[in-house]
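There are two complexes below, and they share chain A, which is joined by chain B in the first and by chain C in the second.
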Partner chain A sequence: MNLSEELTIAMSPHGLFGFKIFGMEIFVTDTIFLMWIIMAIMIILAMLLTRNLKLVPDGKQNAAEAFVEFMQKFSKDNMGHHSKHFVPYLGTLVLFLAVSNTISIFNILPVGSLMKTITGNEAFGELVLRPPTKDINLTVILALISIILVIFSSIRFKGVKGWLQYHVEPSVILLPFKIMDYFVRTLSLSMRLFGNILGSFILMELVFAVMPAFVPAVFSIYFDLFDGFLQAYVFVFLTSLYIGEAIE
Partner chain B sequence: MKFFSFYIPTVVFSAINLLVLYMIMKKILFTPIINFVENRKKLIKDSLDHAEHQKNEAEALRKDYEEQLKAARMAAEKIVEDSRVKAEKQHELLTQVARQEAEEILVKAQEEIQIKKEQMLKELKAEVAGLALAAASKVIEANMDNDKNRRLVDKFLDEAGAA
Partner chain C sequence: METGLFAIAAGIAVLTGFGAGIGIGIATSRAAEGVSRQPEAAGKITTITLIGSVLAEATAIYGLVVALIILFVKWPA
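Presenting the complex of A and B:
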C-alpha cells in the first residue's frame, strides 16, 4: 500500500457497524463514533467542573465561570440585547469544535484496538482519533444548523413580517443576493471548516510519513492546535455575526 | 466510502448528536453556571446595599451622639460658669462685709483713742494745776527776787504749753 492509498483511507470516513431500517443498510461511521467520544469527554468535563458550586469559586469552578462569562460577553458584543438566548448553543458549539479539531493530538491513544477487543468488531481496528470535522457531512450539518438558527431567531425576535422585510431592505434589488446569502453562507461555513481541518490533517499525515520523530510535534502545534482553535472560533464568530445581523 | 461524499445517515446522526449535546450542555453547564453567577451577583449587591445602609445608620447615630455630647458639654460649661459667677458674688459680699467690719473696728479704736487722750489731758491739767499750786506756794514761801520769780513762771508756762 503506497502513501496516497494510505492517505485516502485515513481521510475517508468508514462505517463501523450497521443496522437495517426499512430494508436499507445504514452505517454508523467513525465520524459519529468520534462525536460520541467527544460528547462523552465534554459531558464528563462539564459535570466535573460544575459539581458542588461554591460561593467562593475554586480553580475548576473559576475555569467554568470564566468560559461561560467569556461566551456571554462574546455573544453580547456580536448580537446585542437578545444575546443571552444564544449563549448555550454558541458555547456548546465552540467547545465541541475546539475538541473536535484538536482531538488528533491524542491519536496515540489506542481507542480503536481497545474497542476491537471489547466489541470483537473488526471494523474498529481502523478507528483512530482523527478530527470528525474533516468529514464534510458533519461540517455541512453544522453550517445548516447555524443558518437555520439565523432564520429561526430572526423570525422569533422580529416576527415573520420583520424577517421577510429584512430581505428587501434597504432596497428590493438586494432580494436575490439576500436569498443567495443563505446558500453562500452555508457553503462557506461548511467548506471553510472542512477544508482547513482536512488540509491540516493531510499535511500532518504527510509530515508524519516523511519524518516520524520530533518534527510532527512542532508542526502539530500550528496545524492541529492553533488552526483547530482558530477554526472553532471563526465558525462560532461568523455564526454569531449572522445571527446578530438577522435579529438587530 | 469516499472522503468527499455525502452520506445522509451521517448527517442525520450528527444533527441528533449535536442537538442532544446542546441540550445536555445547556442543562449541566450553562444554566447552572449562569444562574449561580447571577445569584451570587445579587447576593453581593444585596450585602453591599445592606452594608451601605448600616453605614448610613451608624453615621446618623454618630451625628446624634455628637450633638448630644455637644449639648452636654455646653450644659456643663454653663454650670461651671454659673457657679463661678455665684462664687465671685459671694466673695465680693464677704470682702465688703469684712471691710465694713474693719472700718467699724478702726472707727471705734479711734474714738477710744480720742476718749483716752481727752482723759489723759484732763488728768494732766489737774496735775499741772496741783503743781502750779505747789510751785506758787513754794514761790511764796521763799523770798524770791524778780528774776527768779519770772524764770519760774516762764518755766511753768513752758511746761504747761508742752503738755
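Presenting the complex of A and C:
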C-alpha cells in the first residue's frame, strides 16, 4: 500500500458499528466515537475539578476558576452586557475544540486494540486517536450550531422586528448580502477549522513517513499543540464576534 | 492515467497560500509597528491582528481544501 492510499484511508471516516432505526441503517463512525471519548474525559475532569468547592480556593479549584474567569472576561470584551448568557456555550466549545484538536498527541495510547478486546468488534482495530475535527461533517455541524445561535440570540435580544430590521440597515440594497452572510459565515467557520486541522494532520503524517523518530515530536509542538489551540480559540472568537454583532 | 495533471492542478490551487502569506506578513509588520509606538495598546492590537490574520488565512485554507478535493475525489473518467 503506497502513501497516498494510506493517507486517503486515514482521512476518511469509517463506520465502527451500526444499528437500525426506523428502517435506516445508522453507522457510528470513528469521529463520533472519538467525540464520545473526549466528552467522557471532559465530564470526568469537570467533576473532579468542581468536587467539594471551598470559599478559599486551592490547587485544582484555582485552575477551574481561572478558566471560568477567563471565559467571562473574554465574553464581556466581545459581547457587552448580555455576555453572561453565552459563557457556558463558548466555554464548552473552546474546551471541546482544544481537546479534540490536540488529541493526536495521545496517539500512543492503544485505545483501538483495547476497545477491540473489550467488545470483540474487529472494526475497532482501525481506531486511532486522530483529531475528530478533521472530519468535515463535525466542523459543519459546529458552524451550523454557532450560526443558529447567532440568529436565535439576535431574535431573543432584539425581537423579531429588530432582527428583520438588521437585514435592511442602513439600506435595502444590503439585504441579499446580509442573507448571503449567513451561508458564507457557516462555510468559512467550518472550512477554516477543517482545513487547518486536516492540513496539519496530513503534514504530520508526511513527516512521520519521512522520519519516524524525534523530528515529528518537534513538528508536533507547532502543528498539533499550537495550531490546535489557536484554531479552537479562533473558532470561539469568531462565534463571539458574530453574536456580539447580532445582539448589540 | 492523468494523475500527473491532477497533481499539477492541486499544486496550482495551493498557490492561494501566496496571497495569504503576503497579507499576514503586512498585517503583522504593521501590528509590530503599532505596538512599538504604543506599547499600552498591545492587547487590542493583538486581537485585531489575530482577526486579520485569520481572515487572510481563510483564502489559503480554501486553496488547500480545493487541492484536496482535486486529489481525493474520484472524478468520472
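Note that the second predicted complex is superposed on the first by the 248 of 248 C-alpha atoms of A that agree within 3 Å, B and C clash if a C-alpha of one lies under 4 Å from a C-alpha of the other, contacts with A are read in each partner's own complex, and residues count from 1 in each chain.
Everything below uses one rule, namely that a contact is a pair of C-beta atoms (placed from the backbone, for glycine too) under 8 Å apart; a residue touches a chain by one contact, two chains touch by 3 or more.
The structure displayed is predicted, hence computed values, not measured ones.
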First, second, both or neither for A:G91, with chain B first and chain C second: first
Touched partner set for A:T31, first chain B, second chain C, both or neither: first
Touched partner set for A:E205, first chain B, second chain C, both or neither: neither
Which of chain B and chain C A:D224 touches, first, second, both or neither: neither
In the superposition, chain B vs chain C on chain A residues touched: B
Partner chain in contact with A:I145 - chain B first, chain C second, else both or neither: first
Contacts of A:F237 with chain B and chain C, given as first, second, both or neither: second
Partner chain in contact with A:M11 - chain B first, chain C second, else both or neither: both
Chain B and chain C contact sites that coincide on chain A, given as residue numbers: 8, 11, 198
Contacting residues of chain A [partner chain B, same complex]: 8, 11-15, 26-29, 31-32, 35-36, 39, 42-43, 46-47, 49-50, 53, 55, 64-65, 68-69, 72, 84, 87-89, 91-92, 95-96, 135-138, 140-142, 145, 198
Of all residues in chain B, those that touch chain A in their complex: 1-4, 6-7, 9-11, 13-15, 17-18, 20-22, 24-26, 28-34, 36-37, 40, 43
Of chain C, residues touching chain A in the complex: 50-51, 54, 57-58, 61-62, 64-65, 68, 72
Touch list for chain A against partner chain C, complex: 8, 11, 188, 191-192, 194-196, 198-199, 234, 237-238, 241
